[in-house]
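Consider the two complexes below, in which subunit A is the common component and subunit B and subunit C are the respective partners.
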Partner chain A sequence: MRLDWDTLVYFFPKLLAKLPLTISIVLVATVFGLLLGLALALARLERVPVLRQASGVLVSFLRGTPIIVQMFLVYFGLPLVLQTVGVDIRDWDKIWFVYLTYSLNAAAFFSEILRSSIGAVPKAQWDAAAGCGLTRAQTYRRIVLPQSVAIALPATGMTITGLLQDTSLAFMLGIVDVIGQVKAMGSITGHLLEGYIVAAFFFVVLSLLLERLFHRAEKKVTLRQRTS
Partner chain B sequence: MTFDLSFLGTALWTAAAKIPATLALAAVPLALGTLLGLPLALARFFRVPVLGKVIQGAVTLIKGIPVVLMLFVFYVVSADAFDPLMQSLGLSLTFRDFPKSLIALAALSIYAAAALCEVFRGALAAVPPGQFDAAAAAGLTRAQVLRRIVLPQALPVSLPMVSNITIALLKAAAMGSVVAVVDVMNAAVIAANANYRYLEAYVAAALIYWGLCFALEKAFGAGEKVLTRRVRRAA
Partner chain C sequence: MPHEPILEVTGLRKSFGKTPVLTGIDLAVQPGETVALLGPSGSGKTTLLRCLNFLERADAGTLRIEEQRVDLRHAHSKQILALRRRTAMVFQNYDLFLNKTVLQNVTEGLIVARKVSKDEAIATARDVLSQVGLSTRLDARPHELSGGQQQRVGIARALAIKPAVLLFDEPTSALDPEKVQEILDVIRAVAQTGMTLLIVTHKMGFAYEVAHRVVFMEGGEIVEQGTPAQVFGAPKQERTRQFVSRFTEGKAPEYFI
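Coming up: the complex of A and B.
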């Protein structure tokens, strides 16, 4: 097998044009995953009855099953569930199912990270905050969460890098992202390997960028904590 | 469209028959990845000139490439190379006869070796440096220091991460279906191809993966307890 340089060059801009879609999946899943993940973590930390058990089961399920399976469960299952309440979503764009799956999946991993990082804040700080007359919500917002963010940062970075890798499965639902584009172009041009190599290049570059970004964020946060 | 419980049972039964295939897709890469990853981690830990840097670069590269892409590349390359190779060997085998699970095993093993290399390197770094000096002062050779002092401490430290990697491998094994490996997920989907009851098939697959991951987590947890107890007693 010989790699065709011209084909590599041909693939490059076409795949580059699909990167925003890949990045949008990572961004949406990170934002909604963090919000939902925080809610899931709080349900367990605050021992909210029923919600606490539900959160535990959901997190265990999302962490214990492959994301491809979750994606198809959402794709085939959600329309059926919503149909029983009279909502028809069968003609929705498939990307919404991808956004939803990846947000849920990320939420499970984020909730475990947040739970342990909130737990890592010394208990004496809670007592001190209560002694100052802060409410529980105020203590979370002003005392505990700012500290746990710093603790959670490295693991969060790894989860987001993992999310980026996982977006490579969205093509299975028919999404034309970087990999979907390789598949589509491969069947026309007869060149798959070149496409895969260019796609791999983009993923490696994005991973390195993410790693660098989190490295800098960590430095900044630890520095700020030391000075405050 | 409704949910067909009896087909869920059928799909569960069909997919469960492929649990050994899925477990093998996680266990073989775990074993090969450990065999490869440990020497690689040692090379990096002891900063072997050139090799250490090369390994570092390779690990970063591999961890940046999605597993599914690695599977595709291996598939395309082996599909291209297999027929000419068999012809030159005078065998009348074609790519159709090639066991596709080898592709999945190779890709997952490389991924496991890279991940485990990082884990073992971290575990080695967790052993206090004074122990190396103390063991050397006691007249132990470098190999003896590793075998008797360092590894027995480093390996239990790495167990929780090894557990995470094993679970990640088990879930990644479901990607084998993109190169036509018949594992738990693919078996469930094939069962649904006849009647389009894909939801039931994926629920069945999800339940099996969930059970397997739960069992693995418990097994590793128990193993960790045994190992830490032994280390503490020896200390």
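Coming up: the complex of A and C.
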């Protein structure tokens, strides 16, 4: 087996065309993962009865099972569950199940990052806010969350980069993203290696871009607020 | 003093686990009065102060500030918030909001808690900041300031709220000796404006000079209180005598300012 440059060049635009789909999985999972992750973190930090325990169990489950298992559970299991309450989602496009799975998975990791970074904001900041007459919600919004963002940034960047790599499993559900396209074109043309080389190139470039982005954000934020 | 007290605590008790920290505190502060809380470390001064704005929840007692009276143990969050908005606190370690500029630190409580318009809040903030001697560097972040400057901002942040009672928790303990005096001067100037101040301090010379009344605490209770002349000059209790002797006999000149 030898590397065929023409195939490589031929694959490049075909895989590039699928890059938006791969990126969309990362984006959707990041946005909804952060929102749900914050809710999960707050449920535990604020010791909300019932929700707090539910959050703990959900996070442990999502962090303790492979994403491929979660994806199949969501894809095959969720329609069954919803069917019992009269909601039929069986003919939804597969991509929605992928979005949902990756959002849930990301939420679990983000919730742990947020929980620890919110906890890392000095307690004295809470006291100072209370001393100024701020409510708990106001303190979160205006004082604690902005500071915890600075603390959470490095780990968040790593998690999003990990999420990008994890999207390579979405093809298992029949999604034709970058990897799905590699598989499809590989079986048509008989050239798999070339596809994976191009895919690797895309993933590396995206990861590097993410790394740069977060490095810049960290620099900007830590210049503005340094603890001590 | 003829007035009705602006702040009145009765029967305040607080334990941390099984360790009693405050064992029945009764204290009244008159409007415009400057009260210094003195006492050895662990006497409960700071805890008392923190119970007054619910940074610690007391086990028993009642508190009245102006016309609002609350049960210290059972107060619910709305009462706590309303009561907190009648006081302001200056902290030992300044505790400025790290994600805010100097100006924003002062306007935050006004805009967010008191719903003052942004323009009005900024005007007030500039005003109190110049009162504490900080008219420049309003856009600096806390980490760019010296300790003394940070504490000026801390005092300005508290003043801006125009609280009924201003609480100071060892405001100079974290400062370089040379900065201590400038902060004490700021506090003295604030006291002279007729504000009501309750100050936990180790600076006996300062208490002697500025306070209208000195309250000596030890072992979680008020041992003795009176004018500085009474407490420092003619203490009635042996424990007070021992404590103030270090000051009055001048054996430890660092207590002199």
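By definition in this document, the second predicted complex is superposed on the first by the 225 of 228 C-alpha atoms of A that agree within 3 Å, B and C clash if a C-alpha of one lies under 4 Å from a C-alpha of the other, contacts with A are read in each partner's own complex, and residues count from 1 in each chain.
Everything that follows uses one rule, which is that a residue touches a chain if its C-beta (ideal position, glycine included) is under 8 Å from a C-beta of that chain, and two chains touch if they have at least 3 such contacts.
All figures in this text were calculated on a predicted structure; none of them were measured in a lab.
Q: After the superposition on A, what does A:125 contact: first (subunit B), second (subunit C), both or neither?
A: second
Q: More residues of subunit A are touched by which partner: subunit B or subunit C?
A: B
Q: Please work out whether A:113 is in contact with subunit B alone, subunit C alone, both, or neither, and reply first, second, both or neither.
A: neither
Q: Go through the superposed model and pick first if A:77 touches only subunit B, second if only subunit C, both, or neither.
A: first
Q: So, A:134: does it touch subunit B (first), subunit C (second), both, or neither?
A: second
Q: Touching A:142 in the superposition: subunit B (first), subunit C (second), both, neither?
A: A:142 sits against subunit C, while subunit B stays out of touch.
Q: Using the touch definition from the top, say if A:153 reaches subunit B (first), subunit C (second), both or neither.
A: After superposition on chain A, A:153 lies in contact with neither partner.
Q: Across the two complexes, what residues of subunit A are contacted by subunit B and by subunit C?
A: none
Q: If we count contacts the way the header does, which residues on subunit C are in touch with subunit A in the complex?
A: Against subunit A, the touching part of subunit C is residues 53-55, 81, 84-85, 87-89, 91, 93, 95-100, 108-109, 112-114, 141, 143, 157-158, 161.
Q: Of all residues in subunit B, which touch subunit A in the complex?
A: That would be residues 1-3, 60-61, 63-70, 72-73, 76-77, 80-81, 167, 171-172, 174-175, 177-178, 185, 198-199, 202-203, 205-206, 209-210, 213-214, 217 of subunit B.
Q: Under the definition above, what is the set of subunit A residues touching subunit B in their complex?
A: Listed in rising order, the residues of subunit A that touch subunit B are 1, 60-61, 63-70, 72-73, 76-77, 80, 83, 165-169, 172, 179, 192-193, 196-197, 199-200, 203-208.
Q: Taking the complex as given, what residues does subunit A use to touch subunit C?
A: Touching subunit C: residues 122, 124-125, 127-135, 138, 142-143, 146-147, 150, 224-228 of subunit A.
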